[in-house]
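Pasting the structures here.
Shared between the two complexes below is chain A, which pairs with chain B and chain C, respectively.
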Partner chain A sequence: MNGRQGVILVAALLVSAGIGEAKAGPADPSILATIIKWTPLLAQGFALNIAMSFLAMAIGTAFGVALGLGQISVLAPVRASAWSVTQFFRNSPWLVLLFYCMLLLPFEFRIGDSFVSLPGWAKATVGLALPVMANVSELVRGAVQSIPSGQWEACEALAFTRLQTLRMVILPQCVKRMTPPWMNLYAILTVATPLTSVVGVSEAMTLTGDILSSEGRTELLVPMYLYLLLWFFAYCYPIALATVALERRFQVR
Partner chain B sequence: MRDVHKSFGAQTILNGISLDVMRGEVICIIGPSGAGKSTLLRCINALVPIDRGSILVAGQEVHDAKLDKLALRRKVGMVFQQYNLFPHRTALENIMMAPIHVLKHDRADVEARAHSLMRKVRLDGKEGFYPGELSGGQQQRVAIARSLAMQPDAMLFDEVTAALDPETVKEVLVTIRDLAEEGMTCVIVTHEMGFAREVADQIYFTDRGVVIEHGPPEEFFTQSRDERTRRFLSQIL
Partner chain C sequence: MDLQPVWDWFRVLHATTGIKLTIFYDAFDRARFLNGFLTSIHLMALCLACSVAIGIVGAWVQGSQLKLLRAVTQAYIQFFRNTPPLVQLYFFYFALGSYLRITNAAGLEVPIVSNFVWAVICLSLYAGSFNIEIFRAGIEAVPKETVEAAEALGYSRLKAYAYVILPLAFRISLPALNNNLVNLVKTTTIAYAIAVPEMLYIANQIWSDELNVAEMMNVLLVIYVSLVGMLVYVMGRWERALRIPGYTP
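Right, the complex of A and B next:
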């Protein structure tokens, strides 16, 4: 892999800007100038995308690890319920979960006497965290089960408790195995954040639509969305490269 | 160990095994693959529960639901065919983990003990190596040291040389022989007949879940009474 895809994207942006230019009226400012004009606003929206992706990943990972450990519990009821929750959220469309969170979570809630408001983006973040949680849960379960049974046996023979075995021997080995797919999941989550535009969060996708409608120039449509694409690409592509590099390094040993 | 039975599903693995190991004695268990030798060892430290029969370790019934399995396993060390070292820890850390976290011994004491064990298995200088950087024979010796660090009363060896290259088998056997000579109680499952003959006080020959024959090595190898034993020995020697 190399940066070829990025180069293609930039080229497409420039070509589409050129075509748009040709269609534009003589009095209109140039396409590139318009894009640059709106860049600060777009960057603000994009920052929200990134913030949501960070938060959703953090929340999803925390709950997902707990759920994944539930899936390998020695207690059958815990195992069964963790499994059901995981399967439910893993096999639900992200957009549907998002809608549910927007509709079901209150816009504010009470802690003691004070009210804390829950803005739309926060609710959307919870909505995104749910499928992340389910996927992390599966990553944890899969990683634990991929550790050779001899490791468990050796720990048993050394009189480790189950908790000690997990904490000192099994999970440390899982972290390494889980990191590349976990990063992959993060990249998928990030490119899924524009879904929140459907439920009215003012992130980059929503703002691009706003910008286009305020400009009212159809020739801006293609370059503007390509520009947005480029932002996501520039952010996620290095993650993809790092994931592949990590995978390769872990494979060698 | 008296009349021990164990089956996995419909498959009977142990079909009434009885044997005795005295303190300080070295027992070698030999026999064709699938004879239940590994399962037998795993029953002794309660890694595998038994269906019927009785196993006494230092007067304690292993097959007792109330038994503190962890206490038993502190007294009985085990070394595996596949070493099962912890790949994310160095050789020294592998040895130190259990004494620190299970026995709650003082870290400095454990570290000193780990260093002396590394010397004992002739691996001084390799303390900081990860298992992946050591040869099979070296890994197995670290595994023996790891088990010894728990200061067990007895050691179980489960075909510890079966996964090794021929040239590294010897270094592991020498380590075990040293232990045996120091008076460590050992139960050894092995295919190394020469080694068994050299170190064992008693040899047990098992097949299809029962003890066919047992006796002191000289007697066992030269004048075995049972037809199956003779056939097995003639195939292997």
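Right, the complex of A and C next:
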């Protein structure tokens, strides 16, 4: 694998710009000039996408690890409730969870006497963090269970407590096993951030729509959407390559 | 079967507790929600079938001798895997759809491909790109000796794929395929964005009319979680039914 796919996408963008050019009137500015004109605005929107993905990943990972450890708890009620929470959020559609958070979280809440307002993007981030949490929880459970049970027994023989075994022996190995799928999950989360445009967050997708309606030129549609796709591709493809490389490196042992 | 008592019970529920489930006791809401539900099921079924077909064909093409064909498939896979499905849907529906228009008898410009069909095309291509990789991994896990044995018995490449490699690879791929199909079922909700009247879209209409956001959201979550649960159950049963006793690749 190499950057060939990116080259193909850039070529498609240029070809579509050329086709658009042929359809445009002589007085209109060129397609490429229009795209370049709007690039700073699009970059701002894209920065919000990335910020939301970072935040949702951080929140989701923190809660997900806790939930995953709950799934391997020795206490049956903790195990059962952690399992059902995980399954629920893993099986519900991202968009429905987004709607849920957007419409049912308050737009401001009170701390003492002051009101703290909760902007749309923050609520959307919570909505995105929920499925991430459930997926991380499954990753943790899977990774812990993939460690040979002999190691648990060896630790027991060495008089480690359960907590010590987890902290000193099991979890350090899990981190390594979890990294590639965790990166994969991050890429999935990043390509899910445009969903927030549906619930009214002004990110790259919403801005693209705004740009297109303010320009009002149909020949701009294909190049502009391809341009937006290219932004995401340029961000996610390297992550995918790194994931594959890491997986390969960890496999050879 | 007369369900009127059931509907009446929900009306009483609203009167006594304020839980407003109009989709049960209001005949109009009931009819449109049922339509949305059926549209969702229709969308899911079509996308599931098409994406699996794309996966099977794509995995076969990936093993082709032609370098160009392999490169095109690889480009398709990487493009669909690494870009947002929602933007893909917009790209297909708004951008490509703007070119595919004809003028009808009344002199109006109408799209050739409806939004429902665009949703099926886009979601199938999206999930199909993952399915190709899943089947390819399954094919790679089929022992080389088995493939060589098929060759030695005079199977052509296509016949060996259809009768020997795919049946084994399919069994190996099932758990991963299962995961991806669950994902696909959940992703069908993005058809909402191009106004396909599926369940989320109808639910949105209903909660705008009846102001029962919380109830409808919970109904949606329960329905989706149970649909996914059903899919997981059926696929699990199928996985067990297909298992060859004693065979471990």
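The criterion applied here is as follows: the second predicted complex is superposed on the first by the 253 of 253 C-alpha atoms of A that agree within 3 Å, B and C clash if a C-alpha of one lies under 4 Å from a C-alpha of the other, contacts with A are read in each partner's own complex, and residues count from 1 in each chain.
Operating definition for what follows: contacts are C-beta pairs under 8 Å (C-beta built on N, C-alpha and C of every residue); 3 or more make two chains touch, one makes a residue touch a chain.
The model shown is predicted, which means the values in this text are computed figures rather than measured ones.
Contacts of A:L9 after superposition: chain C is touched, whereas chain B is not reached. When the two complexes are overlaid on their common chain A, residue A:L103 makes contact with chain C while staying clear of chain B. In the superposed pair of complexes, A:Y237 makes contact with chain C only, with no contact to chain B.
Ranked by how many residues of chain A each touches, chain B and chain C are led by C.
Of the two partner chains, chain C is the only one that A:S92 touches; chain B does not reach it.
In the superposed model, A:A159 lies in contact with chain B only, and not with chain C.
Chain B makes touch with chain A in their complex at residues 45, 47, 69-71, 73-74, 77-78, 80, 82, 84-88, 97-98, 101-102, 132, 143, 146-147, 150. Residues 71, 74-75, 78-79, 81-88, 90-91, 94-96, 98-99, 182, 186-190, 192-193, 200, 204, 213-214, 217, 220-221, 224-225, 228-229, 232 of chain C are the ones touching chain A in the complex. Of all the residues in chain A, the ones that touch chain C in their complex are 1, 4-5, 8-9, 87-88, 91-97, 99-100, 103-104, 187, 191-195, 197-198, 205, 209, 212, 218, 221-222, 224-226, 228-229, 232-233, 236-237, 240. Residues of chain A that touch chain B in their complex: 148, 150-151, 153-154, 156-161, 164, 168-169, 172-173, 176, 253.
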